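Take this structure, written in structure tokens, and hold onto it; I'll ask about it next.
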Amino acid sequence: MINEQTAGVFTIAVTPFLPDGAMDWDSVDRMVNFYIEKGATGLTILGMMGEAGKLTADESIAVVQRVVARSTVPIVVGVSAAGFAAMKTLADAAMDAGAAGVMVAPPSNLRTDDQIIGYYHNVAEVLGSTQFVLQDFPLATNVIMSPSVILKIIKECPTCVMLKHEDWPGLEKISTLRGASDAGARRISIMCGNGGLYLLEEMLRGADGAMTGFAYPEMMAQVVAANNTDEARARDIFDAYMPMVRYEAQPGLGLAIRKYTLAQRGSIAHDTMRKPGGALSAAARIEVDTLAARQAIKLKKLGL
Amino acid sequence: MINEQTAGVFTIAVTPFLPDGAMDWDSVDRMVNFYIEKGATGLTILGMMGEAGKLTADESIAVVQRVVARSTVPIVVGVSAAGFAAMKTLADAAMDAGAAGVMVAPPSNLRTDDQIIGYYHNVAEVLGSTQFVLQDFPLATNVIMSPSVILKIIKECPTCVMLKHEDWPGLEKISTLRGASDAGARRISIMCGNGGLYLLEEMLRGADGAMTGFAYPEMMAQVVAANNTDEARARDIFDAYMPMVRYEAQPGLGLAIRKYTLAQRGSIAHDTMRKPGGALSAAARIEVDTLAARQAIKLKKLGL
Amino acid sequence: MINEQTAGVFTIAVTPFLPDGAMDWDSVDRMVNFYIEKGATGLTILGMMGEAGKLTADESIAVVQRVVARSTVPIVVGVSAAGFAAMKTLADAAMDAGAAGVMVAPPSNLRTDDQIIGYYHNVAEVLGSTQFVLQDFPLATNVIMSPSVILKIIKECPTCVMLKHEDWPGLEKISTLRGASDAGARRISIMCGNGGLYLLEEMLRGADGAMTGFAYPEMMAQVVAANNTDEARARDIFDAYMPMVRYEAQPGLGLAIRKYTLAQRGSIAHDTMRKPGGALSAAARIEVDTLAARQAIKLKKLGL
Amino acid sequence: MINEQTAGVFTIAVTPFLPDGAMDWDSVDRMVNFYIEKGATGLTILGMMGEAGKLTADESIAVVQRVVARSTVPIVVGVSAAGFAAMKTLADAAMDAGAAGVMVAPPSNLRTDDQIIGYYHNVAEVLGSTQFVLQDFPLATNVIMSPSVILKIIKECPTCVMLKHEDWPGLEKISTLRGASDAGARRISIMCGNGGLYLLEEMLRGADGAMTGFAYPEMMAQVVAANNTDEARARDIFDAYMPMVRYEAQPGLGLAIRKYTLAQRGSIAHDTMRKPGGALSAAARIEVDTLAARQAIKLKKLGL
């Protein structure tokens, strides 16, 4: 199970499809292996970048079962849903299958502090004893959670054990939350997203690791590992990947870039996305290839 | 099947729950009878006001099957979903069960004309030969469709046979669309929503009827019927109901008011809403009761 | 000066323009007289429905000076602005000219409770000793203020003496705020907007009056006056105006309807709006005329 | 005057304030010199990052006059306003003072294609013969312009001579617009924003230069210059600045970072922002300083 001390690198997994849009189960297996080999200490599936909304209820459960069966690391399952009945159905199925926890993003219609806090009270009640990750991703959800809101959820919902941090800007939020736990608030795990674009500073501010899906999971593993021992080296590694991190950070387009890269790296067979969502243009593929080539040279210089 | 000439009153049905939140199947049956007795010439289920998002995938299909089996009038099924796979699963199940068509609202992230039109192209492709209703409800979806966008969808998606019109303001839109079909564009059915708050003017502008869920479906039936024969009487009836129509039009709260009234009228056993969504305050119940009492007196004077 | 006990009917004034878009100063004078003759006990100028954003800084000040000079009732001036420097310039000029207070709506980018409260702290600081009205109008501003946020502003900003209440739904909010002041919170004036569509219920919930611009200000005056003495008569009057209140409530279009009616009633010379914003269609004018004719008959029956 | 062929680097200027929030005119002068010395071939003032909304109407005109008088390069003036009257007043004053053109961002309430196009028709009419820049910055304005909308504005508004491109992602948009002008559409200048985060790819896609305010304007100058002669060197330079570009790209916080850096570099005396808007935390200042130190080393290796 995930808990308040969970640290490391949870890769946000894509969902591989065949060219006709059907599930690509072989690639699911290969992808799980790939992520773990590259340093993932956990996986998060059925997140936004896992095209969760494009799956049927039955497919979602099948993905959980396949990944959990294959994986040697803990699996967090995104269970965000339009309603609590669907959320509970998926969460229960996921935990039954052996998941380590679930993740819930807020629906985009939440606005006030009370609405957000009330929503997570309902989430906690619906999920029962299942430990969950609070996803704070305003750019995608359009829900803004101030630190005081997060702290109130932490205080009032004991099964909330982790924050998927991807507010932007978000560095002060990490400092504020860590300041609060230093001052006696319950400490929960903070795992950072946003494709890793601020990972180095996030670790220095007190984050526990990364939970994001950049197509080079080894970047997160290397930066997180180096961070505690050799900050200069962590920065060198981080900078080497940064042009690509930045390129993949393009909203909407990012998943196409990510799937293209994962396919190029042999992690999945096809870069297919379900509709809506298309393939990279020829120009974009050249841009990715150029960045990848330069990145490889820089990493070689760093002995990686 | 619904088609481009469909007219009348399609009541947007609620979904009845037992006090513990479970489906109340007895009330489903009673409600279907009630709506039809009060003048509904069709029903629309699993819409926003049907708490569709709060049902599991399995419950949604069960509701369709139950209602279709019970009803003597055509049933339109809301199949709006986060992704096309879930939409197709529900739509296919609905049509297999005997539904007369489906309804699709746009996801709230659509912004540009091209995005909206592209979305409905995908919808039409996913639904195949199933005829669908385009739901235009900006207050709820946050998606604004200009008349030219609707006309382009009408032109390019032949299975789009009906507009659920609830833009606000929306009267000019009806006139524009009717002007376009008079000038040669394909004519589709325009059925109006917004709780009926502008129903009289909408009919005069060229709408074919109402598709909304005001807890007194007879209002829509009476206004639509009287409209063509005796406008003054249609206005008298409309005005008699207006204080209540207006009261029920409160967004968010409206469904609680509607369920309370339906329960008071014996259509459903309980006014329970699934979370999030609560009961009316005591003050609100008094307000509804007062409006209902005055409304009854006014209707009596009109011989209704 | 407005204060925490202010009650009555503050009409939201339009800004009259000549057909070429220039200020129509004669109509400003006539309009002030008209509003007061029809029962306004105060006026609010340069609000959203006063096309404040379409005036230059110099024009805004000129409007304030002209209206204040003409009026025999207190004038509240909308000073909402993109920045505090512009807000202060206008507020100072307004108070120097003899205004009774100012009104501030929140900028649409505010989301969290802390952001909203922090904004009004800045407002209060910028305005100094000037008493201000907090405008709570989510449909227009896209800013949602929970009761606890409003109560915090009331507590921490003593120069906030009035709430322009136009949340929708908003009846429970009135009850909550009045419950809080009954329990010891500072009581401020609550004046209701939304074109008067819920005025009767708002008064029964504890509001102090209306601050809205329905083109028949006598409706608000009559309903507010009758409310305390003869609720049934207040309801009869309210119902008589309701079809028109409802028609004018159409967002965006409402101001064109209002200006058309005011011009028909002789309050202003032209129904011109500055761009963007156009004239009513011929069909809409007929709709207004028809509603006005029926309304006149109903009012006559009521002896009005 | 700016025109359809304008290229180079237009730096988005900050507005310098004294610690008490008053205009810092000495810093205005110094800043103009600094930007030009660092390679700016033009300046854009009173943009969003120039805190334009926080100035009074009179201050805005004073800033234009001061900068134009001081500058040896063309000045573009942001004239976005809530209404056209204020826009015209500022634009006329700016052009009278000797500005080279104006820039207009869309108001955040525009949604449909027709609304956006209609708005810019009004803009063009209001501005008369003044050439203007169309600012396409959805992250800040919440207005999404599809390429077809921009092309329609280009076609129908001949005084629109430049696009300030900061859609995100936006690379395909540049390609689409350049493809359209290759195919016969009027070609306008495309100057790129977003702090320069995608500048290299943007130039390769066909942009004419940068119009953004990264606190190291020499980056844009060097990348734009090198881009045509030595792409590998352009990439080396770009990569050296990227950790800082990325850090400054944090929305909201970015301006504080930028002003801090400009103050550190001696371009302005104080990093003061007018409210709302505060100073960097100690942790953030350390992060900036660390990035600046590493950046200096990398640039030295590149002979810069």
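Think of it as A, B, C and D in the order they're written, each chain with its own count starting at 1.
Throughout what follows, a residue touches a chain if its C-beta (ideal position, glycine included) is under 8 Å from a C-beta of that chain, and two chains touch if they have at least 3 such contacts.
These figures come from a predicted structure and were not determined experimentally.
Copies chain B and chain D of the same chain sequence form an interface built mainly from equivalent positions, shared numbers / all numbers used being over half. For chain A, the chain whose average C-alpha position is most distant is C. Rounded to whole angstrom, the centroid-to-centroid distance between chain B and chain D, based on C-alpha atoms, equals 47 Å. Centroids built from CA atoms put chain B at 38 Å from chain A.
The geometric centre of chain B is 33 Å away from that of chain C, both derived from CA atoms. Multi-chain contact residues of chain B (touching two or more other chains) are absent. Listing the residues of chain C that touch chain A in their complex gives 111-115, 144-146, 148-149. Residues of chain A touching chain D in their complex: 168-169, 171-172, 175, 197-198, 201, 204-205, 235, 238-239, 242-243, 246-247, 250-253, 281, 283-284, 287, 294. Of all residues in chain D, only 51, 53-59, 82-86, 89, 108, 118-119, 122, 274-276 touch chain C in the complex they form.
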